[in-house]
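These notes are about the structure you will find just below.
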Amino acid sequence: MNAASSFSAAAWQANASAYEAIRTMPFNAALADGTLSVERFRHYMIQDAHYLIAFGRALAVAAAKSDDPDGLIQFSQAATIAVVVERSLHVDFFTKFDVSPDAFKATPLSPVCHHYCSFLTSTAYAEPYPVVLAALLPCFWIYAEIGRDILARAVRPNPYDAWIDTYAGEEFHEAVRAVIATTDRAAATASPDTVKAMHAAYARGTQLEWMFWDSAWRMADWPV
Amino acid sequence: MNAASSFSAAAWQANASAYEAIRTMPFNAALADGTLSVERFRHYMIQDAHYLIAFGRALAVAAAKSDDPDGLIQFSQAATIAVVVERSLHVDFFTKFDVSPDAFKATPLSPVCHHYCSFLTSTAYAEPYPVVLAALLPCFWIYAEIGRDILARAVRPNPYDAWIDTYAGEEFHEAVRAVIATTDRAAATASPDTVKAMHAAYARGTQLEWMFWDSAWRMADWPV
Amino acid sequence: MNAASSFSAAAWQANASAYEAIRTMPFNAALADGTLSVERFRHYMIQDAHYLIAFGRALAVAAAKSDDPDGLIQFSQAATIAVVVERSLHVDFFTKFDVSPDAFKATPLSPVCHHYCSFLTSTAYAEPYPVVLAALLPCFWIYAEIGRDILARAVRPNPYDAWIDTYAGEEFHEAVRAVIATTDRAAATASPDTVKAMHAAYARGTQLEWMFWDSAWRMADWPV
Amino acid sequence: MNAASSFSAAAWQANASAYEAIRTMPFNAALADGTLSVERFRHYMIQDAHYLIAFGRALAVAAAKSDDPDGLIQFSQAATIAVVVERSLHVDFFTKFDVSPDAFKATPLSPVCHHYCSFLTSTAYAEPYPVVLAALLPCFWIYAEIGRDILARAVRPNPYDAWIDTYAGEEFHEAVRAVIATTDRAAATASPDTVKAMHAAYARGTQLEWMFWDSAWRMADWPV
């Protein structure tokens, strides 16, 4: 299969305007030029820590549903890494930006974080493997691209240098390419209905990525 | 167990202010006095139809996880009824309020409807039976109470008379009492950690009930 | 699609010798000629009651995973019926053949019954909808065919007349035809890999049907 | 909690005679004294390879359901290791004992292996976290104990030295102690009904361990 006909190429193309909206949204602009308020970054970090655990659980279900032992290894390792990254947030960023363990525990998932986590968990259990992969892919891929984009234009030094460097790292990008490859392989032998469901899941994940950053910018809380 | 010590009594009490917020929110006030715009009611009906299918699926998983054959019957019947009610929306209300089958198909789940459906599905698969029941309960119980409340104060005749009569019906209330009873039985033998998770699920469901009506009032769509 | 190219026609053909083995196995021969010992029938009834609950749970998961609201109704109703049939076993046969409620409770699932129930449950949760249907189908279809076959050749009166009449009834056969139709529809749009998995699940279910009757004949218990 | 009151201590005690039956069964006696036929060992290895993949998938679901991030890491790493061990079987033992990749692919799961895998998968998805752990525990613990027992009495040199050394290794025993500890922690806060279900799952897993070795000794295949 050439890149033009792959699921990932089609999905990226179909969601190009949503990606552009993410790339240019206030949160990421302010992150790049270093003007992002500590309050907003703190909100973001705390919700990201909540998110990573749910992301890790969904990855574990993807591992359980994988169509071969390679996928079982790939996604159980990814689940492990999600928790490792969550822990490094606590050690590296929560300390630096004054989020105490008690403050973290006292902060529940924001509505959008809860929405995104619920979407990943429900898809992981209720849908077939290729659709699970398509739901998980935006978080990997968009982060990788946004990371590189912000790295390229970041004003340095920047209070968020350490975060910016994390997601632009080569190790992360290698993992992302592997997830894209597995998703494309799954799509290549899936039925048209399943590929359609994959596109719907990918689009939903992309929307929720935008909403997650937007929620951090608005420091949104439950309305009731 | 007396009522005071039951899970349901405690959950209702803990979420009393959220219930009051639902009871007095603009959508329900306008529904009762008959001033609700057709556009808002249409938005609500379409999203309710989407919701009922996901609710039915979550009820089916609850049936699968039930701790005895009574629960298996109770929730597989409830799943059947959810689809029957969804179909009656199409026949009774979509026709009356000019929602064509094509218009329905072309209208995706709103963000809040998708959030609520994802929450029910993820809880149904990922959590133990008592927590699944607690997540499903607000939809039953709050609807029943709101239905009776609106019935009591509705300006008649009202363009939404038929809808108001549906949820205030005795048959629905009987089903709701049975779900409360099963949830209380499950809570009575659950561990403290599970009861805590039940309360969190019930509170989340209650918040999403408010957000669902609020979303219909705002006729909210995806931001990106 | 014509019958020759349907999944069900292909699956029946591929498992024809296993069906013939079931049709001619000692248990069914003895049931038809009325020489089956009460002990063996009792063993069979008790395990069937255990089985029906697990079958009902798997049907409920199939309902949850159905690809449209029709399937959600079809399989949540089938789940309800499985429990209703289980209850009628208690009322009609357990009484007649002296299986007290205490004796039933004291009798655990036999190894083969546990194997079959575990297979249905694991497939229901872990596999996509078409494969779930293929795993559930042998129980419906083989019972219907064996029922009619035994009815045609049964020596009458026969101590097991009431049981024989149950499975040869037109209502059950109509339900079976509907499950075949839904399975064929699901197969028609599934990928080749999924259809292959459907055939594997159907073959496994057929083997377990044979093993279930064989286990009743041997009145098999756990070896350790 | 002292050891005497822990779930694991109670479960081990309750299944002591089954463990003794495993310890003294022909397969393990012949393994220890080096008289086990290559055919039986080959059958065992092939089924063990099949089993490990299903075990890995069930561990991944356990990771997804874990009650804290530690459990998510513990069981996603265990899932990874299950596949790594499965691969080492191919590299180390399949080569040495002449099991070609084609021969492996052509050999389906035996009835008991399929039974055990189905039990783990169904429990993993359908049951709450503590019960999932209890179902997974016998495979860890009994292997560790049998490994040490065989090591202590093995006639050396023995054609199966390499296998014997694997399961008696300290690294494996450390992992087993960690799984016991997590299971005991989960049991400590579980409800009495859940602990009862944990004991049932542990006992079932223990029975299936015996049946797995017995099946290898009999080189059992599907009866139909």
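Each chain carries a letter (A, B, C and D) given by its place in the written order, and its residues are counted from 1.
FYI, contacts are C-beta pairs under 8 Å (C-beta built on N, C-alpha and C of every residue); 3 or more make two chains touch, one makes a residue touch a chain.
Computed from a predicted model, the values in this text were never measured in an experiment.
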| item | value |
| --- | --- |
| Chain labels contacting subunit B and also subunit C | A, D |
| Copy-to-copy rotation for subunit C and subunit D - C-alpha atoms, rounded to a multiple of 5° | 180 |
| Same-residue or different-residue interface between subunit B and subunit D, half as cut-off | same |
| Pair sharing more residue contacts (C-beta pairs) when A-C is set against A-D | A-D |
| Chain centre separation in whole Å, for subunit D relative to subunit C (CA means) | 30 |
| Whole-Å gap separating subunit A and subunit C, where each centre is the average of the chain's CA atoms | 44 |
| Gap in Å, rounded to a whole number, between the CA centres of subunit D and subunit A | 35 |
| Residues within subunit B bordering two or more other chains | 57, 64-65, 125-126 |
| Chain-level touch network, classified as line, ring, star, complete or other | complete |
| Contact set on subunit B toward subunit D in their complex | 64-65, 67, 125-126, 128-129, 189-194 |
| Complex contacts: residues of subunit B adjacent to subunit C | 53, 56-61, 63-66, 69, 72-73, 75-77, 79-80, 83-84, 86-87, 124-125 |
| Subunit A-touching residues of subunit B, taken from the complex the two chains share | 18, 21, 57, 111, 114-115, 117-119, 121-122, 125-126, 204, 207, 210-211, 214, 222-224 |
